[in-house]
Each structure stands twice: as C-alpha cells, then as structure tokens.
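Labels run A, B, C, D, E, F, G, H, I, J, K and L following the written order; every chain starts at residue 1.
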Amino acid sequence: MSGTVARITEISARSDVGFDDAIKVGVERATATLRNVQGAWVKEQKVDVTDGHITHWQVVLEITFVLD
Amino acid sequence: MSGTVARITEISARSDVGFDDAIKVGVERATATLRNVQGAWVKEQKVDVTDGHITHWQVVLEITFVLD
Amino acid sequence: MSGTVARITEISARSDVGFDDAIKVGVERATATLRNVQGAWVKEQKVDVTDGHITHWQVVLEITFVLD
Amino acid sequence: MSGTVARITEISARSDVGFDDAIKVGVERATATLRNVQGAWVKEQKVDVTDGHITHWQVVLEITFVLD
Amino acid sequence: MSGTVARITEISARSDVGFDDAIKVGVERATATLRNVQGAWVKEQKVDVTDGHITHWQVVLEITFVLD
Amino acid sequence: MSGTVARITEISARSDVGFDDAIKVGVERATATLRNVQGAWVKEQKVDVTDGHITHWQVVLEITFVLD
Amino acid sequence: MSGTVARITEISARSDVGFDDAIKVGVERATATLRNVQGAWVKEQKVDVTDGHITHWQVVLEITFVLD
Amino acid sequence: MSGTVARITEISARSDVGFDDAIKVGVERATATLRNVQGAWVKEQKVDVTDGHITHWQVVLEITFVLD
Amino acid sequence: MSGTVARITEISARSDVGFDDAIKVGVERATATLRNVQGAWVKEQKVDVTDGHITHWQVVLEITFVLD
Amino acid sequence: MSGTVARITEISARSDVGFDDAIKVGVERATATLRNVQGAWVKEQKVDVTDGHITHWQVVLEITFVLD
Amino acid sequence: MSGTVARITEISARSDVGFDDAIKVGVERATATLRNVQGAWVKEQKVDVTDGHITHWQVVLEITFVLD
Amino acid sequence: MSGTVARITEISARSDVGFDDAIKVGVERATATLRNVQGAWVKEQKVDVTDGHITHWQVVLEITFVLD
C-alpha cells in the first residue's frame, strides 16, 4: 500500500501565561505520546476570568500526526 | 511543563430506552477505557424507526478526558 | 437499476408533554403518510413559554424513508 | 411605530437532575428578570462526569422576550 | 430553584497594541458593568490597516457571567 | 483603559409592510433604549403567510452599540 | 394523537422584477399546491447578470405548511 | 404569475460500484417519479466497510426540478 | 481543453439608498473591470446607523464571471 | 520580509466527462493564468441533468498559489 | 450494559492515483489497526499540483468502528 | 455611480516567529500589490511542528481593499 496516512486528534490545552504558551503546552504534550506530529490547527480560543483578571488561556487544537 | 491538557474523542452510543440512557451508555463505556473523563457534549441525536415505532435512540458525543 | 434510494423530508412536530413525545408525534404522523420510514435526525429543539411556564415542546426532524 | 420587536438573549443553565430540568431552570430564571418571555431554543447540551457518573446536565438556551 | 444559571453576552473590543490587549480591554470593560464574569470565548479576530501598517487589533468576545 | 468597546445584541422585528420597514422598526426600537447604536447585521429574513398572502415580514438583527 | 405537525419544503423562485416579487411568486406557487402554508424563511438570495445589468432575482425559500 | 419556480428535494442513494454510480442511481430514481429534473448537488459522500473492504458507496443529493 | 471555467470573487458594496441599490452598485462596479459577469450571490446584508437613522446599506456579494 | 505568502482564489469548472475531469480542467485553466499553483480544495460538486441523464459535472475549487 | 457504542476517528489519506484510491488507502490503513471498522464519511477532498499537473489526491475521512 | 465598493481577497501567510508576525507579513505583502488595503479578518490559525517544536505559524486572512 503506497499512499501516506495521517491521524487527526483533538486536544484542549490550558496555560496561565497566554495563548502562545497554551499552544506550545498542547503540542509538547501531544509529542510526548504520539510519534510524527506534523502540525496543529487552532480550533477554539477561550480565557478564564476571576475578579476581572484573566487567569488562564485555553486552546482547542486539532493535532495531525503521520502513521508509520 | 505546567498547563493541563485534555483530549476530546468522539463516540456514538445507542440505546433501546431513550436519549438519556444512550448518553449514560456512552459515558459509561468511555469511562471503562479512558481515565479522568470530565464531560460530554451532545453533538447529534437520532432515532431508528421500524413499523412506525422508535426502536433505538442514538447520540454522538464528544467526550473530554484529562491526560495524566 | 440495483442500488437502494431513500428520500429525506423535514417536518416540525409539537407536543404539550415533552421533547420525547414531540419526536414520537412527528414519527407517527410521518408513518401515517409515508411508507418505509427508517429513522429521524433531531435538527432543532425549542420550547414555547407562557407566564414563565413551558407550554409546548417542538422539534424539527429530518425523516428518512426508503423508496419502493 | 407599528411592528412588534423582541430581544433574543443567551443563557446557560445547569441541573443535577436532567436536561428537561435544566431547561426549566433556565426558563424560570429568565422569567424572574425579563418580562414577556415567549420561548427558548436549545442551542447546546452538555453533561459533567465524575467517576464515570453524570453529575450535571447543562443547556445553552436562546431566550426570546417581547419588548413592551 | 437549585441549578446555576449564567448569561452569555457578546462584545467587541479594540486595542492599538495587539490581540492580547484587546481581549484584556474587553474583559475589563465587561467586569466594570457585570458581576461574576467567569470567562470569554474569542469568536472573531480582525485588524485595521492604514498605509500598509496595522493600526488596531479587534476581537469579538462571548462573555459568560453567573447570575446571582 | 484606552481601547473602545461595543456590545452586540440580537433583536427580532416584524412589519406588515416589508423587510426594509422591519429593519427600520428594529433599528428605531433599539435606538429608543440603547445609546450609540452604530449598525445592524441582517441575520435572518422570514415571512408569515395567511390564505396565500404574505401578512408580515420579520428580520432578526444583530445590533452593535458603543459602550460609553 | 394530539400534537400539531408541519412539513418544511424547499423551493427556488425567480422574478424579473426584484427579490420581494420573487418571494411573492414562490409563496403563491407553493399555496397553489399545498394547503395551510404558514410562512417562509429566505435561505438564499441571488441575481443573474447580462451585459452588466441584473435580469433576474432568485430566492431559495423554506416553506412551512401544517399537515391536516 | 410570471416567474419560474423549482422544488429542491433531498435523496440518499447507494451503489455497490462507486460514487459516480450512486449519483447516477439517485438521479435516475428521481427522474422516474419527478418531471423536469434539472440537476443535483452532492451534499454528502459515505462508504460502508465490511472486513476491511468497501462494500457500498452512498451519496446524499439535493435534487432540483422545475414545477410546471 | 473543452470545459468552461468561471471565477468567483467577493466584493462589498455600499449605498445610501437601500439594499437593492447596493447590489446594483456592486454588480456595475464588477462589470466595469471584469468581463462576462454572470451573476451574484448575496452573502451578507448590513446597515450603518447614525442618531437612530439608517445612513448606509451594505452588501457582501460573491460575483461569478466566465473566463475566456 | 521573510515569511512566504500564498493567495487563495475560487473557481468553478465544468466537464461533460466526470468530476475528475472537471477538477483537471479547473486546475489546468488556473495554471494557464497563475504562477506557482500548489493545490486545490474541492468545495462543491454538482451535476446538470437533461431527460434523466447527467450531461455535465461541475466543481467549485479553492486554488492556492504562492506569490513571488 | 446493553446498548452498542462506536468510536469515530479522523484520518487523512493520500494517493497518487485518485480520490477513490485515497479513500481505499485510508480505509485499509484504519482496518490494519482498528477492529470492526464499519464505514467512513468523506469530510474533505484536496489535490496537490506541481507544474500544472495533479500529483496527489488527498481525503479526510471520519472512520466509525464498533467497540467490543 | 455613488456608493463605495471594496474587494475581499483571501491570502495565507507564514512566519517562523509567531502568529502576530504572520499577520504582519500577510498584510505587508498584500499592501505591496493592492492599493487601499483597509483591514484583515483572521480566518484560520495553524502551526507546523518538527521534532516536537513549532517551526512555523500560519494564518489565513481575508483582506479588504477599497476599489478606486
């Protein structure tokens, strides 16, 4: 069988620093378990608020990784 | 790495009792395999019909579970 | 011509009991006119309110029935 | 000015009994603050899970109420 | 009445610094008027351009706040 | 706090003349209650029919107004 | 069986006068065949152009009619 | 009444040969019952799988036919 | 090469008279630059408001023109 | 300026052979005018029908090409 | 626990022959790892282009497989 | 002809620094070719990953520019 096949899996990652860090956290966590992670699509962006201040930045990512 | 990360997986569950039972069946089956299931979003609701009577209730769920 | 063909038609059904009953009402009404109804997809769910109380439950269904 | 005008507002309501109760909770809360509530559209349905059991049922509703 | 109820309101906020600041501006403005703001979902992200340079960053947010 | 913030609210307006009048009715009603209305986006267009004749034209509008 | 049931059918109508006329044409044609037409939702609006001039206005309508 | 009016109806067709055949099956079946079929829009494409092999190709079509 | 090919381009047009005029303005402007304009699909409809009065009507159009 | 930039343009292509040919026709026509075409996303698939037979296959493509 | 439960997973598959082959490649690869694959829904269709020629056909599939 | 007309064009821009830079790269490239660029809407956000690290940030933008 010749063609290449990739899987797409959805994760949600949360940081107390910002969106860029939340994406980094999500990608690193995915890489720790999955081989050949190629990229991620940012599907959602949310913030948690306490007493008028943003306390967490959360992203939902669609992670793509190539199957061996 | 500080932030928390969750995965979101999609399942379809079917019951011959009703939608509430179908959701319960789906959540219990997910819990049997996955640790730290936190919640589920009801994405689709369908019924099967035979001879004018509803025989099955089916739901598609997006299950969220926290990664260790 | 070999393959099977089904039609998909959209109905809206209303009950003064609840959503489960509204789906049942819609499926039974569809069955009274159409042969070979196979299933229904719940596309919308609404309630009517009078004086703070829910008086009707309404669903929009996509009904599938096999053509002879 | 002749025509009637209504406002549409979005609320999220949560119950520890089921979806029907969550909708009732949301409609009653809306009625406590807003006059002339006419209906609600069920936009989202979610459940919270703890130790494999559903603990809360949550709905997001679009509430319509007529302006005087 | 037991269950908790939240309202979801939509605002648009603009900053001449960046998207992170626009979100902060929107959340702070919402907090000034609304009690118990819990979070915000980033629905849209736009930039204004003058003479080839970005002059404003604008976000549309869905703000969630718990009703007393 | 520098940036400008606007709120977006959804209304439904109905006229027995036509869509243009329904939009005018909705904008005027919004202006009667809200300060600094800037614009409206036409989200839905519907007509009511009785005995084969259109009796009402209805629009759903997303009204934007700047917060002081 | 108590609840009321309506069917929703989709038609496309075209006029050489304007959108309002196209909607009227579609509603009248639907009324000629279907009993108890209640309303129509404007789903699409298109124009045909020849030599820089609009020659036809076309609408796609979702017609609702109550089943006896 | 001058303008032309068309109806749009949704069917699902299945073939054990491929997608092109499924579309042909659906169009031919629609033509057998409906006059003046003008075209079809491919809304969904699915395959059934048994023991790792594709056994059926299924399409959902929106069929347009002009009313006399 | 036999088949016909068309391009689809998106424009936004604004009038101080009404939506019909805004569509006409957009189609005429497109025709001034592009050859063989065939039609336009109305994607968005917005109004600008000043002191409670509608001052501009704006449409977003998807213009189709055949390539030579 | 370091980063790479691509443009995305939408075309519609029609063939009297089939969908694969329609995509090929569209890609070749795009390549005749645009440099560095990289790929295409199939956005819509339609067929024209005359006397119960499919006469044309039409696709809407989003063409991506890298800017020099 | 009585009801049946299925999982839905998303994969992307690529072929240098055509879309039909890409779907076959994706289904076979899924079957190699997952038991009880039942079907697949074609979510996206793309082509890669080099020097005006299509070099790869890519599909995104939602694979459904029944859990034991 | 009085009204103003703008065109909306879609581009994809990539940076090895971050999303803010990718948007800046895209806006500057658009400004180099198009006159009167007014703004951009962020439609998609993606990252490329190599060996667990993000190597590129990519955005898809809808650029609006006023026609003379």
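FYI, a contact is a pair of C-beta atoms (placed from the backbone, for glycine too) under 8 Å apart; a residue touches a chain by one contact, two chains touch by 3 or more.
Chain by chain, the UniProt names read as follows: A, B, C, D, E, F, G, H, I, J, K, L = Dodecin domain-containing protein.
Owing to the predicted nature of the structure, the values given are computational and were not obtained by experimental measurement.
K.L.:
By that same contact rule, can you tell me which chains touch subunit A and subunit E alike?
P.N.:
L
K.L.:
Which neighbours do subunit E and subunit L have in common?
P.N.:
Joint contacts, listed by label: A.
K.L.:
Over half of the contact pairs shared by residue number: find the pair among A-K, E-L or D-F that meets that against A-E.
P.N.:
The A-E interface is reproduced by E-L.
K.L.:
State the superposition rotation angle between the two copies subunit A and subunit K, fitting on C-alpha atoms only and giving a multiple of 5 degrees from 0 to 180.
P.N.:
Angle of the fitting rotation, subunit A to subunit K: 120 degrees.
K.L.:
From the C-alpha centre of subunit G to that of subunit K, how far is it in Å?
P.N.:
39
K.L.:
When the centre of a chain is set as the mean of its C-alpha atoms, what distance in Å lies between subunit F and subunit I?
P.N.:
Inter-chain centre distance comes to 22 Å.
K.L.:
Note the residues in subunit K that touch 2 or more other chains, in rising order.
P.N.:
9, 28
K.L.:
Report the topology of the inter-chain touch graph, choosing from line, ring, star, complete and other.
P.N.:
Basically it's none of the tidy shapes, so other.
K.L.:
Show me, using the given definition of touch, all chain pairs that touch one another.
P.N.:
A-B, A-E, A-K, A-L, B-C, B-D, B-K, C-D, C-G, C-H, D-E, D-F, E-F, E-L, F-G, F-I, G-H, G-I, H-J, H-K, I-J, I-L, J-K, J-L
K.L.:
Mind pulling up the subunit I residues that touch subunit F in the complex?
P.N.:
Residues 18-19, 44-49, 51-54.
K.L.:
Taking the complex as given, what residues does subunit C use to touch subunit B?
P.N.:
Against subunit B, the touching part of subunit C is residues 20, 23-24, 27-28, 31-32, 37-42.
K.L.:
Over in the complex, which subunit L residues touch subunit J? Could you list them?
P.N.:
Within the complex, subunit L touches subunit J at residues 9-16, 21-22, 25-26, 28-30, 33, 60.
K.L.:
Would you pull the subunit D residues touching subunit F in the complex into a rising list?
P.N.:
Touching subunit F from subunit D are residues 1-9, 64, 67.
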